[in-house]
Structure formats: C-alpha cells, structure tokens
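Letters are used for the chains, namely A, B, C and D, taken in the order the chains are written, and counting of residues starts over at 1 for each.
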C-alpha cells in the first residue's frame, strides 16, 4: 500500500460512506472534466464502494444512472462518456436501457444522488441554467438537466462543488434549477415536495449540512488546513459563528487500506 | 382448387377485404371457441391477407395485437391462445412485447379492429360485462376487456357476431362496455370521442352498417338464403323497411382462388 | 465484503406477508404465467377479504373466488379464454358475494403505470359514455389543464403487495427475464415497479453469477424485491414462457370440476387443501405430465 | 402480391419534408447518435426559424445555432459533455437571438410520452419552486383530480417531424435496433412513437429478410415511418452504438473552431456547406479516421 497520506478526496469519500445506510440505492452521473469528474463521479463511487465493503453490503451503486453495481475491476480506464460502448460491455448486475426503467424514479427508489452546479445559495437551491437574466443571460449554461429530479425525487442529495468561491456560493441563485429549502421543510411541503432535498454540500474547503427546519446551510466540518476566515471569505453569504465547527474527520487506516488496496488499486478513480 | 362453392365465411372475408384501404393497420385478437374464433380471428385474417394480395400490399396485420404480418405458412396448426410459445416463435415483421409498444394506440395508429360481444344494440353499443344489473347480474360475463379501446381509439371497428338472435341484438345493452353512436357523431363528440366507433356488424344473417350522423344501425346487405322476415324475427329492434336491401355480394372466382390456393391452402383458417 | 442479505423464504412465510384484507396484485396476464402456487397457499392459509387488482385474470381469481378469499376484484377480464367463463367467479358475482370494479384492458395497465410514476391517477380521454365510469365513483372527470377537453382521472392501482412468478431470481431478489418475453412478462415487470412490497416466486433460484451473466435481462433489481421463493412449476397449470406450456389436461379437469361448488370440492381436496406442500401437489400432478409440458426457449 | 411501397429517398428529399418554421425533434441523446448528416443538410438548405424540441442536445443544436437555423429550443441540456458548453448555442442565447424553454431531463422524456399517448400534457407533481415553471407559461398548475394536491401539467412535446438515426431499416420503414441498446436508442424509439411524420436515416438499408430475422428488435414498424434514407456514418462525429464510436479527433477540431463565429467559418466551409454531398463529407473526414472509430457489437 502506498505510504502517501490520505488525500482530501479520500477523506471526503470516507465521510460520505459513513452517511450511507445499508440497502440504499445511490445514483451517480458520469461527469467529465478533471475536477467535476472527481467530485461528481470518482468520490461518489469510492464512497459507495467503501460503504459496500463495510456496513452496507446491500447498497446498490447506479453508475451513470444505468449500471447496477458494475465491476470496476473490469475497466481498463475510467470511461468519460455516459452512453457509449465501453459501458454497454461493463459487467454489472442490471442495465437500465429505457425510461421508465428498473428504478421507479417518481416513487422514490433512489436514496441519494450527487449534483454539481455553477451556483448554490444559502437555502440550498442550485443553478446550472444561466448567470444573469434568463432571457438575455450573461452566461448561458447547459440547462436544468436532471437537477429538478435530483432535488425532489431522490430521497436526499449530496451537492458536490469542485470550486468554492464567492461566485459559486451566492445569497440567491440566478435561476433555481434544483430546489433547496425555501421556507424550510414547511416551505418544501407547501411547494408540493413530499421528500428529498440537499443533505450535504461538499467543497474543497468544508462540508455543509442543513438546518432543514429553518431552511439554511450550515458548516458541518472544515477541512484540515482551511481557516474559518478563508472559508467565510470564499462564501458569498454569512456563515455565522464558526468557532465551534469541528475539523473534517480523518479516515481510519482501515478505510484508507480498503480504498487503496481493494477499490482503487490502479488509481483509476483517485490518484494519491 | 376445391370445387366446393364459396362458403358464407369466405364471402364475409371478401366483403371485409374490399373495405380495407392500403396502408392501414388491422388488429385481431386470438379468439377461441369454434364460432367465436371463426368470426373474431379466422375471417379477419383471411380478409386482411386477401386485401394484402389485391389492392392493399401495405396493410399491416397485427395478429393477437402483437405479431406484425406473421407468416401463416409457418404454422402447423392455428394457435388457440394469445401469449404462448407458439406465437413467440412465429416468423413476423415485428413483435409487440410491451405496453405501450410499437403502435401508438392512443394516437390512433390502429385503423380497424374486430370485436365480438354478447349484446349489441341499435346504437352500436356492445356489452361483454353482464346481463342484468351490474352489481347483482343474472349472468356475469368476462368484463370490458379491450372493448372500450376498440370502440374509441381504433379508427373504426368491425363487430363480429357469431350468433344472431333476439337476445344478442337488443334495444339497449345492459352494460355499455364499448360505445357506439349514442346521439350520433355529434353525441360521440360530446362524449369527448374524437374518432372511431363501429363501422359494420357482421352476423350469420347479414351485414349492418351505420347511419353515423343519426346514430343507428341499418342493414347493409342480407346473406343469400336469409329472408327479411328471418332477419327481423331474430333481431330485438325494428330494422325498418328491408325491401331495398341487396343480397351480400358474392366473391369473385379470383378472390376465392386467392383464399383457397394462396392464403389458406391447408384449410387451417376456414374449412370448406 | 460482507455477504448481501438473502431474501429467500418459504412459500408459507411469503404468504404471511399478505394478511386478510390486503390489496393484492397477481402477476401474469389472463391465463398466462399466474403465480398459482402462491394462490393455492393463500387458500390453504384461509386468507379472507382480499382485493385483487389486476390487468386480466383467470384461474387465479376463479380459484380464490371458489375458496371465498375475495372481497373485490378490479380488472378488465376474468375468464378462462378457450374454456369460457370463470365459473366460480361468475357464481360469486351473481350471488352478490364478490364485488367487481371493471376497467378497460389498457387502462388497467395504465393504473399500474400511475403507481410506478407515484401518481394517484392516470389521465384518460376516451371513457365518455362507457359504463365503466357509471359504476365507478373512484373515476373522476376533470378538464385537461391545457385544452379544457373532457378527461377522466382513473385511480392508480396502488397494490399493497405484488406477487409475480418468474423464470429465475437470485437470493438477493434480482429477477431475470427471458430475452424474448411477451406481454404477460412485461406486465410482471410493470407490476413489480408499481409497489414497494414485491414477492417473487421463481422457477429457479440462480447464483449471483447467473444474474451478472444476464445483466441486460435483469428487469427487476434486488432493491425492488422484498421476498424470493423457489417454486418450480410455480405457475402450473398456467404456462411459464420458455419453461413449460399450459397443462391442458389439468385445465380441462379444473373446468370439468367447476360445474358447481359441490363438484369442485373434490378438486380442492385433491390439489389445494389436501397436498402437504407444493411438492406434494406436483407429485399429484405426476412426473409424466410435468415432463410432457416442457417448453424450449432459444438456445442462442 | 404487389410489392409494398418503398419509402426510400435522398437526404435532400427528406430535408424537403422540414420547411422553415417546423417544430422538429432530433433523435439521439446528448452527444450520442445524433442525426448529424440530416442536420448538415438542413444547414445546406438554409432552413430558418426551426423549433427543436428534445430531451438532451449537443452538436445538433450547436451547429444549427451557428448557422442561424433556430428560433427556439425546448430541452433539458445543450452542452458538449466533456468539452463543456456549446459555444454557438451559448452565444446565440446570450445575444437574445435564440429562445430557450428549459425542461427537466425526465420531464423532457415525459413530454414525448404525452405525445405518444395522444395527451396534451403530462402530470408532474415535483416542479414547485423550480424556475422551470417561472419562465414557462405553457406549464399549467392544476389540482390532482383525486387528491387535490398541487400538480403541474407540462405540455406534450408534439413535434411536427421527428428525425432519428438508426443502425438499419428496410425500404418500407421497418427499423431494427441492436439487442443491447442503451438510453439514447430508447429515446429514439419513444420519439418515433410520438409523431406521425417520422424520418429515419439509417447506416444501412437492409433487405426485408433481415427485418424478419430480427422481428423482436423491430421497435419501429413501417406504419410509423414516412421516409427512409441510407446514410452510412450518418451520425458522425457522434457515435452509433454497435457501429462506430465518437470521432474524438473531429470533435476536438469542432470545439477548437468554435471560439467565435469567425473562427467557425472555416469549419463550416470545409465540413458543412462545402461538401457536394454526404459522401464528399466522408471523404473529407477520410477513410483512415472512419476505420479507426469502428465499434464491434456482440457477435452472438
């Protein structure tokens, strides 16, 4: 096993893994681009595979939403597109090839998923549609994609933010393409949303969770080496008193061993 | 070729064939039981195969609603159940195995179908649910099956009645499981029915068609050897003046040849 | 890695998951691939007041009606195809002992699609004038929110428990279908996606490696399944596509015995309440007949 | 028996079926199996004011935006996956020249399901608070007719013309899919069932005997198809499952040329407006690259 100390990505994966319950169904996209791919795909996969090897042997990993518990050891490189032939040929337990497919999305079959966004706000709303006015935007982005479904039909959502800067963490997103907690849980209820919503926001600086009753984001832990001032300075809304916030929990030697020896021996997912 | 004269069933098939247009899609069930099977399945198949060989080479026959233009010559006997292994293995152009499948039922992809029923009334309503009051019936029948869809979503319907007696041809059906023309075409429109409804009713005694504007059945032709008195006597509602009604048109020698030599050389569908 | 949980149980244990009064859906379609061993076990355990919601039904409903297990049936068809009416069902309805809520055939499928979608209704435009609406207060008329045209909201099927009979499953509840499935099997897939308590009886419990070899055909994954029971010939006397055909001799015997409740007593004693378990039932059918109905799926 | 009608035509003739202002759906999904040869021909013929309604889009929309063919886009995504934003699309929207109506991804599929069902809307319960509703007057709030809960009626996709690119079809319009299809191919099937004017471009026109040998895989039968065009490598530079992979070199070239409208002119001249026809385009791509991207489907 590599003697290199645990990376932040490995630490994030271990934090996530501890939050998954046995029997859950976790949905990852297949994100592309360096940082986006690590946050949106690699960390989630490592986290789920770690949970499966520890307390959650009945967890189902849905790679690209389609491939049920694929055999990553059969991959020569990590594919970088969702629906091409490499994935078709990857050994798995089931393959979703149609909509509606094996998972009853709207019944709430998906326990959790992972989103990233260009903006996220204090209520946990996310935006991947536009910066500036919708009909004449400063920047037109890709569109809502599956964010509306992630943030309402999945039982909970982990928002994975590869960049933590003031322009990403804003008071109010320019366009709500995934709904957080406007008005808290009561507010979601009034919007007709029976379950779901963001659980955590994971960034290079910290992990947020939510006061879901009151409907705002709060810092759950700060990553080692990041100061409260750094964090507040990079965030476009007030984080309150950060003095009691713990440092993000390190992973155990056993967790690190499982990641490096069993899950990702070829460093195909996370380099260290 | 057999020198036997054309049977009434062959005559019916030829009448139907002439009513099909090129490019249409015709839907048959796979009815079972002697007379029901002949009227509901064998005559429709022979009629469509005849049309395909004459003026309608682009007609699509949907056997049991699933098998697109199956190759009847590959059958050793006519199957008597809709979804068993014999049909799975029958060569065809396409196989419908799911709902919604290849035909967009509710868009009106099906040009015509064939129903039978225990009761039919003057308006063309049909009944296969119950005789007597619904909640305490004298006879409980099988249920509405696909009749509601046949009589509204298909572009038109041929009602195939293997028995023509007063108890089958009634003033008002005990339960409307397939809607005819209550109030005529205007009445259907008020019910929210954009197209469809019965075109003909074929019986051992005659062929009915409809005054669709006014919404009632009328005799289109009387089969050879049946008198107007016979016909009225077997019908539970007034048929009006039958004096000008023609005899059901005979088939041509060429139609008979195609049926006997090309379509059904083994008399698997219609014996003669 | 710790072993995933086995959901394997006995037929008796699985039937325990269906208490009196359950709103139950039985897989298969019309006379095809019905979970008949499960039905017989329901009768053996004396279940009462069941509501069965389905697409098209036959021997399943008829036998449950004969045994007095049913309060209500919601479906499009109860009959025996070439054998005509379902006699016990018919008698129970005519006697006012069994309530039937009639739905059109494709609408019956739509009701399960509604449940799969987490919707309480399915919008149907073509029910005007049909007595399906007259006798069903649960169907609500409403205007299309876009065009204003007349529509009917048909209630979701919303079964509390779904039972299907499949060719093969592993002990985790991954269910595999034959490549060349037909409508009855697709109906099973739909039902299994419309409910959170899905019980699968299967011809064969296969190792997980078999599942992985057929991943493309695993239409019902483990997280959709609550219980798995190995029941060879579990649909008998109805057929299982790719495994065996309908047992026509037995079906004829069933129908002949169905003339009256009295005449049916002998059949019930011999084939339902009498057998100690499913294998005793199969022994009473006999190896010769079971061998005779074998089917061959593609060897490709 | 008279020969069934051939629906075979040239790409030019097929594009004639799409006049200015058409409400058009383009098959494929995101960067996969897009009918790109058809898109290039639309541009060559100078089509204007098109509305493209889709599920997820990429090079199709981006190239049409670059050529000024579009008035409106209704979809969930326009981007180039690993290559990031679709530059021409982005510029056109930011300049106010192109209207975007945003829909969630699965709701975009539901809109085609509505059209397949002959419905003018699809009922969606989960849009409360989402700006997808704020900026779209065509989405109507309504109460669930059964529970009264808040619902949204999302308008049907209702394309006037659908164009998909398939592996194979016969001249009658029977379209066959590979056994191990993925989501993009299933999206094509859905689109082809949602519209009465379906144009199929296919890698290969196969004899009818090939169709009959693969009846189980004929998801789009002849009566759903209005026109068939043989266009080998018709999705290039996007991939066709089982036939060829994405042409990564060409896509990189496309993206590099997309910096500005000016810098893209060279690309358009060379690959879209310049080639005399599709085969001239393929010659400009070159046999070596076309050979390099070949894929192998199962030989089973």
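General observations
By definition in this document, contacts are C-beta pairs under 8 Å (C-beta built on N, C-alpha and C of every residue); 3 or more make two chains touch, one makes a residue touch a chain.
The chain list, named the UniProt way, goes like this: A, B = Glutaconate CoA-transferase subunit B; C, D = Glutaconate CoA-transferase subunit A.
Quick caveat: nothing in here was measured; it's all calculated off a predicted structure.
Contacts with chain A and chain D are shared by C.
For the pair chain A and chain B, the distance between C-alpha centroids works out to 58 Å.
Between the CA-based centres of chain C and chain D the separation comes to 39 Å, rounded to the whole angstrom. For the pair chain B and chain C, the distance between C-alpha centroids works out to 30 Å.
Residue positions 95, 97, 106 of chain A each touch two or more of the other chains.
Looking at chain D, residues 118-119, 125, 149, 180, 216 sit in touch with two or more other chains. Because contacts link the chains in a way that matches no line, ring, star or complete pattern, their graph is best described as other. Touching pairs of chains, sorted by label, consist of A-C, A-D, B-C, B-D, C-D. Against chain C, in their complex, chain B makes its touches with residues 32-33, 66, 80-85, 87-88, 95-99, 105-106, 129-130, 134-149, 152-153, 175-179, 182, 187-188, 190-193.
Of all residues in chain D, only 29-32, 56, 75-79, 81-82, 84-86, 89-90, 93-94, 96, 99-100, 102-107, 109, 125-132, 134-135, 149-151, 180-187, 190, 239, 241-242, 245-246, 295 touch chain A in the complex they form. Of all residues in chain D, those touching chain B in their complex are 1-5, 115-119, 172, 174, 193-194, 196, 208, 211-212, 215-216, 218-224. Residues 23, 25, 52-53, 57-58, 60, 68, 71, 91-95, 97, 100, 102-104, 106-109 of chain B are the ones touching chain D in the complex.
Per the touch definition, chain D reaches chain C in the complex via residues 118-121, 123, 125, 138, 140-142, 144-147, 149, 153, 155, 179-180, 216, 300.
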